[in-house]
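Both of the next two complexes hold chain A, though its partner changes from chain B to chain C.
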Partner chain A sequence: MPSQSRRNLLKGLAAAGAVGVMSISRDKVGEVFHKLSDEELRSYLVEGEEYVISAQSPYKTPEEIKKLAESKEKYAKQKCWESANEICGRLGEDSPECALAKKHCEKLKVKWTLAKKGVRWAMALDVNKCIGCRRCAYACVQENNVDRTQGIEWIKVVSVHREELELLGVDLEYVKAPYKDRVYIPVACNQCEYPPCIMVCPVRATWQEADGIVVVDSYRCIGCRYCMTACPYGARHLNWKPVQVDALTLNPNMHVFGNVPREVHTVEKCTWCIQRTRDGGTTACTEICPVGARAFGNLHDENSPILRIIKEYGAFVLKPGAGTKPRFFYYFGPARTPPIDAVNPKSSNWLGMPGEEGGHGGHGGEGAMGGEHNMGHGGHA
Partner chain B sequence: MSNPIVELLKTIWWFIKYPFKGDWRGWTWIFAMAALAAYGLGIWAGVQAAPAIYTQLVYHMGVDPKLLEQAGISEYQGGMIYTDMNDWVVWGLYISFFVFWVGVAAAGVLFGIAAYVFRDKGFMRLAPLAEVQAVAAIAVALLLVLADIGRPIRTLLLLAMPIVTEFRFPNPQSMFDYDFTVLNGYLLVNIIGIFIAVHWYRRGPKFSPPKWLMYAFMVIAAPLAIGIHTVTAFISQPLTARLIWNNPLLAPRYVATALAAGPALLLIVSIIAEKFYKGFKVPKYVYEKTLIVSTAALIVGLYFTLSEAQELFWYTTEPVKRAQALNIFLSPLTCEAMKPILKDFAFFFTGTEQCTWGYPQVSYVAMMSWVWIILGSLTVLLAIFVPKLRKTYKGIVLLSALIIIAVVGEKTLPIIIPAYVPNVLGTIVPYTPTPLEWAVTVGAHAAGLMVYMLLARPVLKAIIAHYGSEEEH
Partner chain C sequence: MRKLAILTVLLVSAVAFAYTPAYPCTYCHTPWLKLDGNVKSAPIHKINLLEGAHAGLYCSNCHDPQDPIRLINGAIVVPRELASPEQMMQYNTLCATCHPRTYADYLIGAHGNTTFTCEGGKAYFVYGYKGSPYWYHDCPEYTNLQTVPGKPCTFCHNPHDPVKMAASIMPPPSDRPKPYPQDAILNSLFFLMALATVLSVVAYIKK
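Up next, the complex of A and B:
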């Protein structure tokens, strides 16, 4: 009997093995699991400069990306004109709003600029300078055509205690800033060297470009939100409802993987203003920052501000324990805004402790503006 | 021996004929379930997924928008905004119950092992019904995933790409693809298993599937059964971002409680089936043995919970992990309930008499966890120390129901929600399922129960045809 049952078992194993062999062809599996290296980043020469397409990208040639950009431009233009016609119908053909909306739709262009070879973007932020005004978050929303009806902001400014930089029990919805005992940490996508979000995507809808920017293709995203679960920085956002394109506030300068209007139920994220930076510009948040807390540049460039900042002040990253190697560096710069040891103590008249508000009476309510007012006093002293 | 092709056609006819043979009670059940499922599907397609379906069909596949508008699907109405999921709590009720039903499905093959590997005559009668349960459970799980995904049509298109276009494999690093493959593979394997069983059993007592075929079936099905739940745990287990999930105990924990809930559900279904099908008789020792296995799995699950609680509370200084752990076990409500029992100890451990533990907005998580711990322990004690209960049919049904409720308390929301509250940036965004989510979830469950009923009928008929005459002596 035992030999009989063993024979049966062997027969069963053989049958199961045959099914396994039939379903998987060995050479194809090898193709799938190839290791990604620099040599394998395909390069192309476009107008004299050398550009590269990431091996992780599902689009293998410039032609494919161009075709994608064209189809996205068609969609964006259609949405834009729908909105413009609605605005013109509501406010009249000769209203300035109508003219502006039409101008935006005419200028609308979806670029497909590729990554330059040898570039690795990085950003640095001076935590001593940041006053938590959240202008970067608003500028980002406007630059990147984020849907205004959902309250999505790619940059979240976290207010944490100065003594303990722990991301727990933090305040994201503060209304007054800056406080003396608080540090303001704007958090957006850290454009990690090892991004967990792209590893988990089942359909290759998100990948790391050759210049380090992690992009999402809203024409491939299936909205499973696995990447949002995997991101240790909360940098990814889903369009939970149909996206409204408003021709009046639309930014017509678009990139195929950047601020082109996203589709419903797809994920979007910060791309370091890919539509600006790939053309030699800087990001909107860097440009808008009123205290100059942000610096943006190429990590591989000897003259970039990033390298100088890291060398001079040292830098830290968020959640180093997550092992993602972020390329967004935070550092404590040489001076606080406004300086805490100014000659006139009133010149650094920040808001007191959060608990002391009542004691100060109307003083706290002035917020950051109060600080500006007293700066004038400081000048006299 | 008759023509094999004729026999095959007869089996297919068996599957067409018998699902719809039943009295008014059966039809009432099927129609009620169909109505619920249709309601869930309608509210999902018409509200939650409407803009996604419209966008995909109109802008990517060139369908005439008028057709969709006539069907009540419009571009700018609806969306997942009607669920309470948000950018911080990204998985909710759907994925919670997905996890539970994957577990129930995994247990189906337990009976197959007992029947076909150990050649137990009693378990052989129950094994095909266990496969039916696995199919129904996988159906619920897949429906819930489909409901949860933002772009369902695109998902199906992209995941089918290696078949329809050139070989462009979905991301091999993503655990989702493996889960998709394993779940569908297991579904297919169980459908084949049901077909094999019916194909031979329906012909009478002298026919049974060849032994080598059943061995081959088990060699494929047994690893897949453990695999579906393991891979489902592997989705969340390696994420460094979610500290509470990031421990290697998650997969064993999933499997342990799955092996408690799945058999318990099958016992209840089998006892009901015995009432309705006079020829269908399962020896009592099968129930008793299964209940013991189920209780043993429950003990292992409780032990894992203890082990996890020790890791979370004893020395851990990781503040976010502690905060998330607090969410699992403590809430102001549980604190109030425990106060009279703990008395001074509560003060000793927390340093305060105030009930400020956990987060009041998601206190249901802690309540469900305590349901699991208290009801689970109670069931274990009853099963061990009250032999009367585990030896009578009523007692078996009672214990099985307790086990299922306890495992729902362990495996649904308390596993998913604490990973998101507090979230990665340390803020608390609460999550409470909306009526839409409940409706869609209930619809998916109803669809599963309908599948269960329709598939169980031909299978039970075949089992009766095979074993019915043996019952006489």
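Up next, the complex of A and C:
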């Protein structure tokens, strides 16, 4: 592998230069990584559209990124065909699994789509709707070719007490949900405006793209894990083993800084499905959510769902005191999914609040009947 | 006695036909069946508008009272188990008459799911990692994708009882596996410690 010796060299250099990195004061680091203005972004015209490359990116021109994508595609295809041949040898050449694995390897394409000018991605999540079912976490694993054997899941769903909203006493291992006194918060990379993880990287292996997505280049990463320590949200994960995704479950839609299988001892993280969203799609977690709690869109677009949600309901972010300015917004929406311990889930008074039965007459002429029904079911907690 | 037998056969067959899933709706709903839409329950369809969040509506608020198989926006009712997503999408404008803001949110992607389509492609619903669902998109080229609303209104909300209930939850997250067996390092450590002990003892004795 060409990048192996380079990484070994850089690992040595990073150890030697650690003292120098520590001596830079915190304020100066903030000055270096201030918000990008238009002059600092390099813009390029590719097929009539205006694209921009972030000034923080170590790859300066589209040609360099294209070259990188080609080398990554070659390596990914090689690993995919190895896996496909193994499957075909085990199950026979005419088995449907063999045909599917070969089809995935033929379709495998590592794209290098650049960021469009004037785009800033953001995500919003309705914690009133979220039922904590973890479908987003596991769909993400399948979309992003995460190694299934290492227990890496980019999204963690935490169960927090609803009234305290305190990160002490959270529960990750719950097996029954949702309860009426809990709130379920899926946490992944917040794609911060001022990401602390990129400030500590000694080799510029991770940077913020012009559309706000923080990406990692696994060819540059040396696995020093400074960024994992710096991230306040625990959003970064290290591959301890070579990534093995068999050709049957491989997602052939890949991006050079996204879900192309990472190398061993490199850090990986959520990229908001860069392989889908840069080309106009939506993320895998937004797509699979059974209650439609997530919304994804462009923050600078007038018709974006994010602006609509923030104007209507307001929003909060995780750990605002960290100063990272996350672009992942949580909000309490208008309707809540009835929890499993609701007294009468079909009615509007499913919480069983005493003294609110009288306020149920919101259904015009038939309101009295509905109210009677609720009381008949015993709406006393 | 013969009359009673015929009546019994007719009754049994009517009941049996009524609860068959693939039951043809036009068997009962004929144009000459004059129905009054001014009712709130249809026990044969197990619909009761006296309870639920749509209490307060009558059948005729959404269905054509003369011919309940038609909705008032012109769409034809297909049983939920048999309807395709395209057929269910036709009911959306009916929901929008009372919920215009929600429908506007739905169109821009702020209410409900979004998905994407590609030219000449197809999406497959697969169960993969830990038995969790995932949409696998089989596109010829993963470029020029179009983000569209993912599901019709009636996919999530039963129109006669529209509260969306919680789905079952998936297994807890995995633990990171144990680190590699480090026998070589541990053995060499023990060897070095033993060597250091012996050397220090020897040095102490020699002194």
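Quick note on the criterion: the second predicted complex is superposed on the first by the 301 of 381 C-alpha atoms of A that agree within 3 Å, B and C clash if a C-alpha of one lies under 4 Å from a C-alpha of the other, contacts with A are read in each partner's own complex, and residues count from 1 in each chain.
One rule holds for everything that comes next: contacts are C-beta pairs under 8 Å (C-beta built on N, C-alpha and C of every residue); 3 or more make two chains touch, one makes a residue touch a chain.
Everything numeric in this text was worked out from a predicted model, so none of it was measured.
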Partner chain in contact with A:L172 - chain B first, chain C second, else both or neither: both
Partner chain in contact with A:R276 - chain B first, chain C second, else both or neither: second
Partner chain(s) touched by A:C231 [first = chain B, second = chain C, both, neither]: first
First (chain B), second (chain C), both or neither touched by A:R204: first
Touched partner set for A:K156, first chain B, second chain C, both or neither: both
Partner chain(s) touched by A:P96 [first = chain B, second = chain C, both, neither]: neither
Common interface positions of chain A, toward chain B and toward chain C: 150, 152, 156, 172, 240
Residues of chain A defined as touching chain C within the complex: 109, 111, 113, 124, 131-135, 137-139, 141-143, 148-153, 156-157, 172-178, 240, 249, 251, 253, 275-276, 279-282, 284, 286-292, 295-297, 303-305, 308-309, 337-340, 345-348, 363-367, 369-370, 373
Chain C residues within the chain A interface of the complex: 50-53, 55-56, 105, 108-116, 126, 128-130, 132-137, 139, 141-147, 150-151, 156, 161, 163-177, 179-180
Touching residues on chain B, where the partner in the complex is chain A: 51-52, 55, 59-60, 75-81, 85-88, 90-91, 148-151, 154-155, 158-159, 167-177, 180, 211-220, 235-236, 239-242, 319-320, 323, 419, 422-427
Complex contacts: residues of chain A adjacent to chain B: 5, 8-9, 11-13, 15-16, 19, 28, 31-33, 58, 75, 150, 152, 156, 158, 166-172, 187, 196, 199-204, 219-226, 228-234, 236-238, 240-242, 244, 263-266, 321-324
